[in-house]
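Should a chain be cited, it is by its letter among A, B, C and D, assigned in written order, with residues numbered from 1 in that chain.
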Amino acid sequence: MINALCVIFLPLLFMGLISKVKAIMVGRKGKPILQSSWDFWKLLRKDEIYSNHATQISRFAPLLALAVTFVAAMFVPFLSNNTLLSFRGDYILIVYLLSLAKGIMALAAMDSGSSFQGMGTSRELSFTAFLEPAFFLVVAALIFSSGAGSTAESFAQQSIFHSSIWATLAAASLAIALFIMLLVESSRVPFDDPATHLELTMIHEVMILDFSGFNLAVIHYTAALKMFIYASLISRLILPPQIAVWWYLALMLAIYVLVGVLESLMARFRMNRNLELVLLPLCIALLSLAMRLARYMGAW
Amino acid sequence: MVEILVVIFGLSLLWASVTNMLGTIIKILVLQGVILFAITLLKTTQLNWISFSLIALETLVFKAFLIPWFIDDTIKHNQIRREVEASVSNFFSLALMSLIFLLSFALSAAAPFWSLNLSPLEFGIAFATILKGIFIIIANKKLITHLMGYLIMENGIFMLSLSAGSHLPYIVSLGVSLDLILSVLIAVLFIKRIRSTFDDTESPQSLKEE
Amino acid sequence: MSIGFIVLLLAFIPTLWKRSGYYVILWLLGSAFLAYEYMEVLFSRSIVDYIFSMPMPVGDVGIALNKLSAFFGVIFSLGLPLGMLYGHYYLKEHPTPALRSHLVWLGIMGISMHGVLWMRHSLIFLMVWELMSLSSFFCIVFSKRENLEAGLNYLITMQIGAAFLLAGFAIAYLQSGTFDFSGFEQMKPLPMYLILIGFAFKAGVFPVASWLPQAHPAAPSHVSGIMSSMLIKTGFYGILLIISLNRFSLSEIAVFTLIFSISAFWAVSHLLNERNLKRALAYSSVENIGIAGMAVCAGLLGIHANLPVMTMLGFCGAFLHIFFHSIFKAQLFYTSGNILLSTGTLDIDEMGALAKRMPYTGAMTLIGIFAISALPLTNGFFSEFTIFRAAMEAMQIPSIKHLLPALLILVALAFIGALALIAFIRIYAVAFLGAPRSQKAENAKELKIGARLSVFFLSVAILLTGIVPGIALRFIKPLLRWFDLDMQIYAGLQQQATQISSVYLIIIAMFALFFVVRRLCVKEKTGTTWACAYPKVKPKMQSSSMTYIQPLAYFLKPFMYKTTTRVKAEHPFPQKIEYNEEHPDAVWNLVVRPVSRIISNFLLLFAGIHNGKTNSYIAWALGFLVILLVWVVGFR
Amino acid sequence: MNTIILFAYPVLAGLICIFISSRRRMDILILLHALLHTGLGIHAYVNRGSLSGMDDLGLFIYLILSVLYSAIAFYRLGMQDSTAIKDYRIHSIFLMIFVMAMDGATMAKDLGLIWIFVEATTISSAMLISYSNKKSSLEAAWKYLFICSVGIALAFAGILLLVIAQPGEATLLISHIDASKLSPFWLKISFVFILIGFGTKIGLAPLHFWLPDAHSEAPAPISALLSGALLNIALIPILRMNKLMQQSGMADLAKELYLLMGFLSVFIAAVFVLKTKDYKRLLAYSSVENMGLIMIAFGAGALAHYGAYLHILGHSIIKSAFFLCSGNVLAIYHDKNHEKISGMLTTNPISAWLWLLCSVMIIGLPPSPLFISKFLIATALLNNGSYLLFALLMLLLTIVSWGIMRVGLSMCLGDSERKQSLSIWMYLAPAGLLLIASIIGIFLPVLD
């Protein structure tokens, strides 16, 4: 229950946090943290305008995406480890629910027959091609010889605080992999720059060019939610199982701040090199799996 | 006596390979027919009139008279030029002929001979005749020469059959010679028709895979 | 059995008067009988087994069903009538002079497909098998000249496959002394591999799958639907048959895994930049067969590592995927047939905005697309879910030699799944959304209800088995018991299916809620496409099917074979600049074509011997005579 | 008694033919001959030996001949013929003589007699081939006559050598020859001669050159008879010699020779199936291929013997049906170049489908008996452990079937506007043959 509450309220808050951090980094005062939530409310009350090519898809796609992401969030441990839903192998469901959201949004983007969306969707989708295997490998590395079945178990039972340095390293590398995936998935610098003024260079933003009002709000919220899911997976991976809530909150805070800092320090990579970088988490996950395997075989 | 005849028969092959005239080959055919008749007579032990008439029919009538006459007639009536026009020179064919003799005698030397009425010499000559006949066919383009080659080959086979003559039932040998004469007749018929339709005495070669 | 087949034979009578309607009705009837028979075998203990005695070389011919063939039989007896039904309307919209013969061949094809399942005698099996290839060949050619090449290639490929089967069966017969399939238990490797290769030809596995992308676009849509969704399954049936009778070493399993994953990847890499709708579907059949094969490999791996859970999940995933694929692939082919009828083209770059012109077909295709790219809420997802779980189970065991194939399956499945998702999103987006890209698409119209009927049934089936996968699980339960797998695990999976469907219910409920809310508080307006306020957006500006995969193409270049023709601009005012890019089948263009050309050139070297010269002919005879004499006398 | 009838009828009929001058009547006479032929054959099958001492092999070939002959007799009823009545009369008479000669060959036990009859078939069929007085047919007939005569002469030399091979009192009745006493040397040589001699007549490579010419130039029924019956007739002496070789323990040598010639023939067929433009030549080459297959079957060993006989049966029936179809096509288009023909499915659908079915069955797809026989041959090859030969054979067969199917399809498919129908007999005869073939292919007969 508490999970559900925090799923509903926290994501937008943290998004606001990021922009705040960026503002501070460049020395501005910046808009208040709740700004993004207010934008959300404002958009909800606005009307929508659609291209006359648009079919029903772009009407209901964002809603479906939101619903799906929401349900995916129900499998993820947030504040508390016992999630609403959980069964053996539910991470597969999560991945596919997220890709369903992505797919339907891609269709919705192409719906308007504009000349820009094609680029955005194709880039976004080609990232998925490498992120899905990466995620599965991460999970594989997590549940390797640990009998864990569901997402909640496999992520919550882990922590990087191990006796042996190697085990810590393995877990930490997984966390890094997940963090890169977070950057990609929630279309952040260095993979995508939501704040640029040139649509040609954007990914997520250019996909939603032709959306407005209610649906735009829903889309923003979905994106925030997705990022939140990843962030909380990372923190659950890092933290040991039984630990007080504020540790979790602190870590989440840290992650978002880190994202903000990165955005203000780094520049965006070249578009066509991105894809190769997206391979990074896959490799890292493989490495860590190898480490665990070696360890199990008794390498040390 | 038989050996001498056989040798003459063999010499006739050499003659055939040096001649340039169709007429000569016809003469050779006649000669061979006569020789075969003589050999058969000499080889047959008990001579009754059936066997005599049969032998006479096979050799004298068919081989020595009828068929040569056909061919001569064909040559006359179809304006076939009288040269052989072989695609290989006389010297070469002579050399090849001797090679053929070599081969066949080698074979007959390698062979075990049980049946008394066949000597290595006869077998060698017969075999050489068969090969020579085929060689004439290969070396020439004229239909008429093909036919002659075929006939020389037949003579060789007949010579071979002399060895088994006593074993072959009359009906078989008669049928064989009937077939022979028929096929020659038809062949002559075809030569005439081809001459008239193609207006050419060489074997036609329009049917091929191009 | 007899009744069903008799009715199917009766179905030939209406063809004499070209009454395809009665034909279809009879097919429905006969298939109903057959379906009853198969169900009987599948769900009850009843065994069907006949023995016919044939003369000397053939011996006793066993005609029987087991659970496996019954399972495929149910698929056929449900799928074929639907295909025929669709074909009835398709042929109505798309008339042909040779309707009668086409119906006859179609019938023979269907009957022989059933027959393949019944035969237990390898020689007779091969006979029916060849009959099936032959009839499907005539169905593909469809008495159209432009299909000649494709059909011929199909027939010859099938001949080669049959040659492999023949060799395998013959050797098996020589070794076991019986033609009956019982002789296939614990075979020696050579015949087994030969037979597996032979079946692979039909099933469409990588090196020998090149006939699919040629045959399927050529064939009329109902035929390509039937072939791709059912006929190639006979090949997979054969593979499963052999697998069920033999045990495999780990290295063999690893090799199979590699082959199947390469096959799937090859297919998907061609699928990604295919513009022809039906050819794309053909590639995706290869991909799906590869996935099912990987699932089987997971099952074998489980046996070898004695992980009953993995075994169970692997085989279960394989059967489910076969079953589901036969549903959604048929659906997609029939919809593509409808698109062909209404637009007259299969090139997706000439379509666009079809979802507005043909809303019904648009919606149905969306369902099909989701199913084929294994998205939740459709049936494709559950099978892949099972396979993923099977691969994940391998993580429980520490032995690296089992772990590596499982990892291969895992990664390949995820990667290929994602690529397939991209490919099909691309196809749908380009063909159905945006602005119409050509005049053909401009005046496309929705078809009459008849042509949409079987598509509708299949879509319902997709959603039903997608949202309530338990149904499908219950359907394959006896099969799993026949493979004697652990039934507790099955129960667990069953329970998981219910959990998943409850999750789906939550999603649907939530979606409905959002939808209502939006309805209440939103007013819509429509205007021109904004596109960053660019004044005149033209259809040409939309991203075409080629630009769509550009980022991926940049990355997957080594795996994407293409032939380009271009006219460069040489002088300052170029008259014309042209760049044309094609993505043909790599195996066909780089291997099959050159090899066959080499062979034919070699043979034609000998064509000269037939020069009409009599004396040269005689010379051949003489030469041969002399050679034989020398050989016989001298060397023997 | 029956034998006398069998041989007397053609003579009488021939005499009658000389005096009547109506095509239809001659056709009727020939039809009666065919029916009589078949009837006697069935009678002989029911109670053995009613035809003078015909053994199983002879009866087998004889029955095939009867079936083909009756089919052809019916087919001739439908044929449109424009040649002079004189030629037609000669044609009819020689047709009956031809069949008579073949009957003789099936009955004869004595190799010499067989030789005589085979030579007789050569002479009579040469007349039949040159029936239409076209240049090409004349040339074909000449080549056929000449090459076959030379070959047959060699065969006779072989027979004489067989006589020489026997010490003491010699005979040519295979059943009477005492294999143990034979001199292996002479036997080998005579076998080579006989194989090459009659092999020329069978049309085995590299002695096959007359075959495509003759088959393509003869009128359709004659080609059917040549390819379906005559080749089998020429097989008889070789099969009889084969027994002798086995008895005298030289079966292996024989098998090697069979395999050699068989593979050469299939190879040549593969080459020219790709090359040729004339669809009747195509069929001829496929005959070469099938004869080669039969040789391979005899060379492959005991496992394939049933297959070999089945193949003889199936090939004869299907191939003659095929040649009759080619007669239909020729009657429609008056052109033998298959590249000039297309759209037969619209021009004359029945012939087109017959053609397609024939091609399908000749390449050995079910329900053709050739399917089973090919399977058995392959099994025998594999049983000998000669996997490479098997692979080679499969490759060549695939090429041949590709060629045949490609030609068939390119002739049948395509669009054309003209329609043309033929007499019902020209459909019934090949269709009936195909029906018989498929029945044989499904309910395999018990042979020998």
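We take it that a residue touches a chain if its C-beta (ideal position, glycine included) is under 8 Å from a C-beta of that chain, and two chains touch if they have at least 3 such contacts.
Every value quoted in this text rests on a predicted model; they were computed, and no experiment measured them.
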Response to the item:
Highest contact count belongs to chain pair A-C
Worksheet entry | Centre distance in Å when chain A and chain C are each reduced to the mean of their C-alpha atoms | 36
Worksheet item: If you average the Cα atoms of chain A and of chain B to get two centres, how far apart are those centres in Å?
Response: 101
Practice prompt. Would you mind pulling out the distance in Å between where the CA atoms of chain C average out and where those of chain D do?
Written response: 43
Worksheet, complete the sentence: Expressed in whole Å, how far the mean CA point of chain B lies from that of chain C is 70
Worksheet item: Using the touch rule from the top of the page, what residues of chain C touch 2 or more other chains?
Response: 607, 610, 612, 614, 618, 621, 629, 633
Fill in: Numbers and ranges of chain B residues touching at least 2 other chains
110, 134, 137, 146, 203-204, 206-207, 209
Item to complete: Provide the full list of chain pairs in touch.
Response: A-C, B-C, B-D, C-D
Fill in: chain C-facing residues of chain A, complex
44-45, 47-55, 57, 59-60, 63-64, 66-68, 70-71, 74, 85, 87-89, 92-93, 95-97, 99-100, 103, 106-107, 110-119, 121-123, 125-126, 128-133, 135-137, 139-140, 143-145, 147, 199, 209-210, 213-215, 218, 271-272, 275-276, 289, 293, 296-297
Practice prompt. Write out the stretch or stretches of chain C touching chain D in their complex.
Written response: 54-58, 97-98, 101, 123, 126-128, 130-131, 133-134, 141, 143-145, 147-148, 151-152, 155-156, 159-160, 163, 166-167, 170-171, 173-174, 599-600, 603-604, 606-607, 609-610, 612, 614, 617-618, 620-621, 624-625, 628-629, 632-633, 636
Fill in: Residue numbers on chain D that touch chain B, as the complex places them
110, 112-113, 115-116, 119-120, 122-123, 126-127, 130, 133, 135-136, 138-143, 145-146, 149-150, 153-154, 156-157, 160-161, 163-164, 166-172, 183, 185-186, 213, 216-217, 272, 275-276, 281
Practice prompt. Write out the stretch or stretches of chain B touching chain C in their complex.
Written response: 107, 110, 131, 134-135, 137-141, 146, 203-209
Discussion item. For a test of understanding, state which residues of chain D touch chain C in their complex under the given definition.
Written reply: 139, 142-143, 146-147, 150-151, 154, 185, 188-189, 192-193, 195-196, 200, 206-207, 209-210, 212-213, 253, 257, 267-268, 270-272, 274-275, 306-307, 342, 345-346, 349, 353, 360, 365-367, 371-372, 375-376, 378-379, 382-383, 390, 394-395, 397-399, 401-402, 405-406, 409-410, 412-415, 443-446
